[in-house]
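As structure tokens, the structure follows; a few thoughts come after it.
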Amino acid sequence: MKKIEAIIKPFKLEDLKNGLTAIGVKGMTISEVKGFGRQKGHSEIFRGAEYRVDFVPKVKIEVVVETDLVEKVVQTIVSATNTGSIGDGKVFILPVEGAVRIRTGERDADAI
Amino acid sequence: MKKKLLLVLLLLFWAVPVFAGDEPPTVESNAAAIALVQTHADYVWTLVAAALVFFMQAGFAMVETGFTRAKNAVNIMMKNLMDFCMGSIFYWAFGFALMFGVNSTGFFGTTGFFLSDFTPGGDPWVLAFWMFQVVFAATAATIVSGAMAERTKFVSYLIYSAIVSAFIYPIFGSWAWGGLFHGGGWLEKLGFIDFAGSTVVHSMGGWISLAGAIALGPRIGKYTKDGKVKPIPGHNLPLAALGVFILWLGWFGFNPGSTTAANKDIAMIFVNTNLAAAAGAITALIAAWKLFGKPDAGMALNGVLAGLVAITAGCANVTPLSSIIIGAIAGVLVVLSVIFFDKIHVDDPVGAISVHGMNGAWGTLAAGIFNIGGTSAGMIGVQLLGIATCFAWSFGTGMILFAILKKTIGLRVTPEEEMEGLDFGEHGATAYPDFQASTTLS
Amino acid sequence: MKKKLLLVLLLLFWAVPVFAGDEPPTVESNAAAIALVQTHADYVWTLVAAALVFFMQAGFAMVETGFTRAKNAVNIMMKNLMDFCMGSIFYWAFGFALMFGVNSTGFFGTTGFFLSDFTPGGDPWVLAFWMFQVVFAATAATIVSGAMAERTKFVSYLIYSAIVSAFIYPIFGSWAWGGLFHGGGWLEKLGFIDFAGSTVVHSMGGWISLAGAIALGPRIGKYTKDGKVKPIPGHNLPLAALGVFILWLGWFGFNPGSTTAANKDIAMIFVNTNLAAAAGAITALIAAWKLFGKPDAGMALNGVLAGLVAITAGCANVTPLSSIIIGAIAGVLVVLSVIFFDKIHVDDPVGAISVHGMNGAWGTLAAGIFNIGGTSAGMIGVQLLGIATCFAWSFGTGMILFAILKKTIGLRVTPEEEMEGLDFGEHGATAYPDFQASTTLS
Amino acid sequence: MKKKLLLVLLLLFWAVPVFAGDEPPTVESNAAAIALVQTHADYVWTLVAAALVFFMQAGFAMVETGFTRAKNAVNIMMKNLMDFCMGSIFYWAFGFALMFGVNSTGFFGTTGFFLSDFTPGGDPWVLAFWMFQVVFAATAATIVSGAMAERTKFVSYLIYSAIVSAFIYPIFGSWAWGGLFHGGGWLEKLGFIDFAGSTVVHSMGGWISLAGAIALGPRIGKYTKDGKVKPIPGHNLPLAALGVFILWLGWFGFNPGSTTAANKDIAMIFVNTNLAAAAGAITALIAAWKLFGKPDAGMALNGVLAGLVAITAGCANVTPLSSIIIGAIAGVLVVLSVIFFDKIHVDDPVGAISVHGMNGAWGTLAAGIFNIGGTSAGMIGVQLLGIATCFAWSFGTGMILFAILKKTIGLRVTPEEEMEGLDFGEHGATAYPDFQASTTLS
Amino acid sequence: MKKIEAIIKPFKLEDLKNGLTAIGVKGMTISEVKGFGRQKGHSEIFRGAEYRVDFVPKVKIEVVVETDLVEKVVQTIVSATNTGSIGDGKVFILPVEGAVRIRTGERDADAI
Amino acid sequence: MKKIEAIIKPFKLEDLKNGLTAIGVKGMTISEVKGFGRQKGHSEIFRGAEYRVDFVPKVKIEVVVETDLVEKVVQTIVSATNTGSIGDGKVFILPVEGAVRIRTGERDADAI
């Protein structure tokens, strides 16, 4: 089992959700994050003084899937969220050693 | 104590300038003094009412901000603030003269630019009257900001607000209301009834809103490729509700203040205004409940405003019972109208077209239908003529104005800016930096 | 200019209908004209005051929303908006007649339903008076929404607000205030002092709040199994503070406006109202500081309202110094009362029972104790009788009303809905969709 | 009906106490009755204006809260609420007497403590006048809370507000305005013009703000080691904008109400007030646009206030055109001033020093320069003298007061508390518990 | 060392916290997330038009513990947050290769 | 490749960002979290009743780096955010099996 974390541009979330459900992903968890990277932030003004905002709003998607699905999920994420412009984001793959569905106590494959 | 004495003297002095202050009062001096006290009451009432109408600017700002997204909140506030400021200056320079100056043709006034009707020492009534009129002009102007919200270039909006306050609003206004001061227009001469401005102020703003919304096109994401409506929920409904309460309060200056005199007529106008608003909210709520299965808050708020707009024309010449009927119909009308404009993909984020345009028209018609003194085909005809003329003038000039802005400096921000929000794009600001935004309504 | 002339004519015309307008003024015509100008001033003042009292609706909405959770903000706004709308219509239809109609029994009026006392062309004073009274009725009704917040079915609340405005409030009102118009009640005949409604409006609302809070039971999670209080902090204290400022402003209409006449008495009423509010805030702040170790903001805000409620009965018949004492005691009383009702597990999210019920009673008693003209056992007795009667009537009828609602359509939403929030459950809405909620106060 | 009769009687009764109520009117009784009606109008206008000025407290609270951080929102609300409460009590006890009591020396009044000028049954004008004056005193006091925001100990602020309302403000006030009642000060005797308080109220508040900001030092993180300005953006710009609208509304009481009489003069004052505010916003917006490349919202809001402050002194003795010029200059001045004070590291979170101090001075000077009746070196001299005296007095006494507070109970919270926020540290509260805070601005 | 991530219903957080502290867990980190899965979202209305909200508010708990504690922690989480209704959430177990306590520089076992 | 997660005091974020960029880290993702641990929360009052707030605001930084950089990054984090007082926070190191740059499809080392 792997956990796939993707950091994407917020307005791409819906496309991503649709893409993943289309390939049979049953669930995912998202959160509001802020990103720092090649895509620079911008300067704002408050009552006459300028300040930098270096962190850009992003959305993080976490989806845990069985290992054999990983490549497909990654492909789907990339194609659903790629705009070709700086700041599109990243996908990271992390190992997962176990999963439990709280409602039923089911484990691993059955849990997701 | 010395104060009261002083007053008597003052009164006598004003009243009978020929005598010295210590002359004993006469029947004539008393009569003049009475008229003077009444005049003072008129000034106080007219100006207090003007202050209440001014406060409607805050109400519009709150409603429009509450009904739109957090990323555009600063921009909407700025538009509502600056259109009043631009309007004040341009109405002072041009608008008031065109609307209320001496008007030989019946089409616009030609005297009183830059408030030149007032000379120190002269009768200050022109100033009290101007103050009451400028807040009306600004109301017409600010209505539009809601319909054009979340996508309009700030600089273009400033220019729009200047033009409306200087020319578009006052010229039509001179046709219907010029006779309230030095002017006199063709429409009022026909007996057109629009006591406080369902047509002159609200339809005017509503139809320019329609022109603006069409000229701009819908916000990105409002309608899906397959034509479905994808609502963009407002970011702060409590603020919107506060705005509606403030507008309701302001309307107690807007309608009764239009007497510009402290007299007994204001009582019925207060009652009618209140009952129409209440009825509008209730029927809008019921209509929404029936249609959508839930008592939709946004529609109830629009219902209040619809009732207020609809009673504005007839508030002084219909009975309280008629006011309830007028408001009740307005409440249903606004719900249907909002749905209609969404169906034809005219994106009006706050419902300005339905609230002010449609119900301004309805209210003007109703003022003829429910007239206490009885109605007539001719009366209805004149009301319809006024409604149609207002539509033609304001929608037409609005379309032209926005087309010119489009061709020249541009009317709409870039898609990138629209996505990121106008607060940053136009003002380099963030409305709520201390709160974690939720970008994932989805 | 022509305006002033016109006014003189108008005045004379009104004053001496028998003569033509151009008759020279006489001593008699002047006397009548003077009375007319005074009447105009009375209209203006009464109606401006009514507008200020109307604005209190916004104040209540802000306080109640600020003191409760974000997930119920839309619902609370809607309750505060709609109870005023329902109240306006039902008070117009029934309430006003029961309260101020001709009252042979001394128990309720029987004439003037649907504002039938007014006929076009007739004396419009009934309209000015109605306008001032309807905002009072709505105040009594809206007090209750706070105590019943975050768990009451919207439809049941709408019915409640209709019944209160149509029957419960006006019937008691007729006992204490009927004589202000065509009515006349047994309580006022005994000399009961309640100038602006500490009992008639505020205790009324407070005791119905008590009935409502009991009938509903506490919000989920407010009290732990072992009986400890687990506060549910309000989600927007700045909004609550704004609400208190708005209420304070509104009270400058509520108390001085109750003269329904432009005279010198309003000066002392203004001063007393202001001093009592200030004193209430200060003593509440100090009490909270002593008791909880911190100058609790919520208590200071409640302290302002407590002072305002307490001075409402006696604002016209106590001295400024007495007002400070009355307000100071109110500030301490509200703090102790809030703690008390929490201890007995009556869950009142905004403190309506303590602010309006308890301090309405205290203020009514104080109006007797601190009466400028001196006090007496009899006077105190009548005040106590009025306080007790109000409690019996409003708590009793309230309990019956809520029991019936419970048995029929139900009074409280499901636990699931309460957890998820009434905004979604009742209105299908979210108050702040652009902000990331914090669900983890824990 | 019976009401109007009753009024005539009442009027006659008041007017000619010697005769019985049913005496026929005479020319003399009419003259007295006319003066009485005018007096009633004066009471109504003065007290309605006082209510509007009171509401400015809410405006200040909103502006200051909106321009500062969420973690200090409760504290700022509490400061704005409690300084008005403290001010009301201390101005009642001491301030009013020092300002308007009989003043033999010309330096402060010595009669009328605890409102002892009023005796039940006596002329209540002192109460109306006190009500209007107390809201002015509280305005001067509350201006300072913004400049001292986000780092001042709550208890020290309470003490400050008591001292200012009891002594610092009224003593200077007696020099310029004492003659409006029983007093009479040296400055007014020289012909100093400050109709509604550019100097007496606003510069006073602004210069004490300067003293406070210096005494406290800047907020942690406002200036980097290398001296760069690191702005701390306000957390709720819509709230700040609402505050500005409320202040603008309140100024329609502040300036025209300063006639404390219902007369025709209020018309020009309304117009001047409105035009100066509009001009100030426009020029501030343009200046910001030029200087920072964007139409900065905060500066536009400050521009409105700058225009309002600047016209306050001369609102009754300059023309509308002059008002536009005065406001336009104020709008530019406030932008430059804000930049200047940031450059010298005086941390004024809301711009109180620039808005009230600098523009109060400018407005006072302008009242001399643009005087309708013409100006003169002497007149300018007196204006400058008044400006300088105000600075010396308020900045001086402010510095002393804050130095004493620093030495005794302390003026500033601990760095830890400042980082965590004063809401928790001072009040044990959280302003917005249901929202996820964003702690990561950059 | 393992990191246990649990996605739960927000109102269960306090029970979970108490449960974990009861078994000696010294610390944890939580965040506001939104979930998509079998538990469907709902539709809302805004001024007359309906829209779907597919993401449900959830709370994410992250707790790093030594390997031998994992099973106990998982059990505790499940029993503390299980309501038996759809949407109760998931528990995921991820490997952790190292930990540092910033205050002291202590490593691994001593860090948590 | 490893993912380094740090839970820090919010006001330390800027120092941390500067520290990491100084050692050549090109990107990172941050999020608002709440922490529970040795640093106790505090009590607040609302209208006369007290309640505990056990969770303290923290910021979580996630940075994915190549394995050889891990130690340097950890050092930088610790030195940039250490104040010596309770609640400074934690650093956790997790394995990452793959990374993709959405914009370009680049993998692993090239992706970050």
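Which chain is which? They are A, B, C, D, E and F, in the order written, and residues in each are numbered from 1.
Definition applied: a residue touches a chain if its C-beta (ideal position, glycine included) is under 8 Å from a C-beta of that chain, and two chains touch if they have at least 3 such contacts.
As the structure is a computational prediction, the values presented were derived from the model and not from experiment.
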Report summary line: Shared touch partners for chain C + chain F come out as D, E
Query raised in the report: So which chains count as neighbours of both chain A and chain E?
Result: B, F
**Report entry** Chain pair showing more contacts of the two, A-D and C-D
**Finding:** C-D
Requested in this report: Quick one: compare the interface residues of chain A with those of chain F and tell me same or different, with half as the dividing line.
Outcome: different
Report summary line: Whole-Å distance, C-alpha centre of chain B to that of chain E, is 52
Query raised in the report: For chain E and chain F, what's the span in angstrom between their mean Cα positions?
Result: 18
Report task. Averaging only over C-alpha atoms, locate the centres of chain D and chain F and give their separation in whole Å. Result -> 47
Query - Distance from the mean Cα position of chain C to that of chain B, given in whole angstrom - result: 30
**Report entry** For chain D, residues that touch 2 or more chains besides their own
**Finding:** 27, 30, 34, 37, 39, 41, 44, 48, 123, 125, 233-234, 236, 292, 294, 296, 298, 427-430, 432, 435-438, 440-442
Report task. Pull out every residue in chain A that's touching 2 or more other chains. Result -> 17, 30-32, 34, 44-46, 50, 53-55, 94-95
Query raised in the report: Who touches whom among the chains?
Result: A-B, A-D, A-E, A-F, B-C, B-D, B-E, C-D, C-E, C-F, D-F, E-F
Query raised in the report: In their shared complex, at which residues does chain E touch chain F?
Result: 3, 17, 26-32, 64, 94-103, 105, 111-112
Query - Residues of chain E defined as touching chain A within the complex - result: 2, 6-8, 31-38, 54-55, 58, 60, 74, 77-78, 81-95
Requested in this report: Could you pull out which chain D residues touch chain A in their complex?
Outcome: 67, 229-234, 288, 291-292, 294, 296, 298-299, 302, 335, 338-339, 342, 351, 436, 440-442
Report summary line: Listed in rising order, chain F residues that touch chain D in their complex are 10-11, 13-14, 30, 32, 42-46, 53, 57, 59
Query raised in the report: Residues of chain A touching chain D in their complex?
Result: 32, 34, 41, 44-55
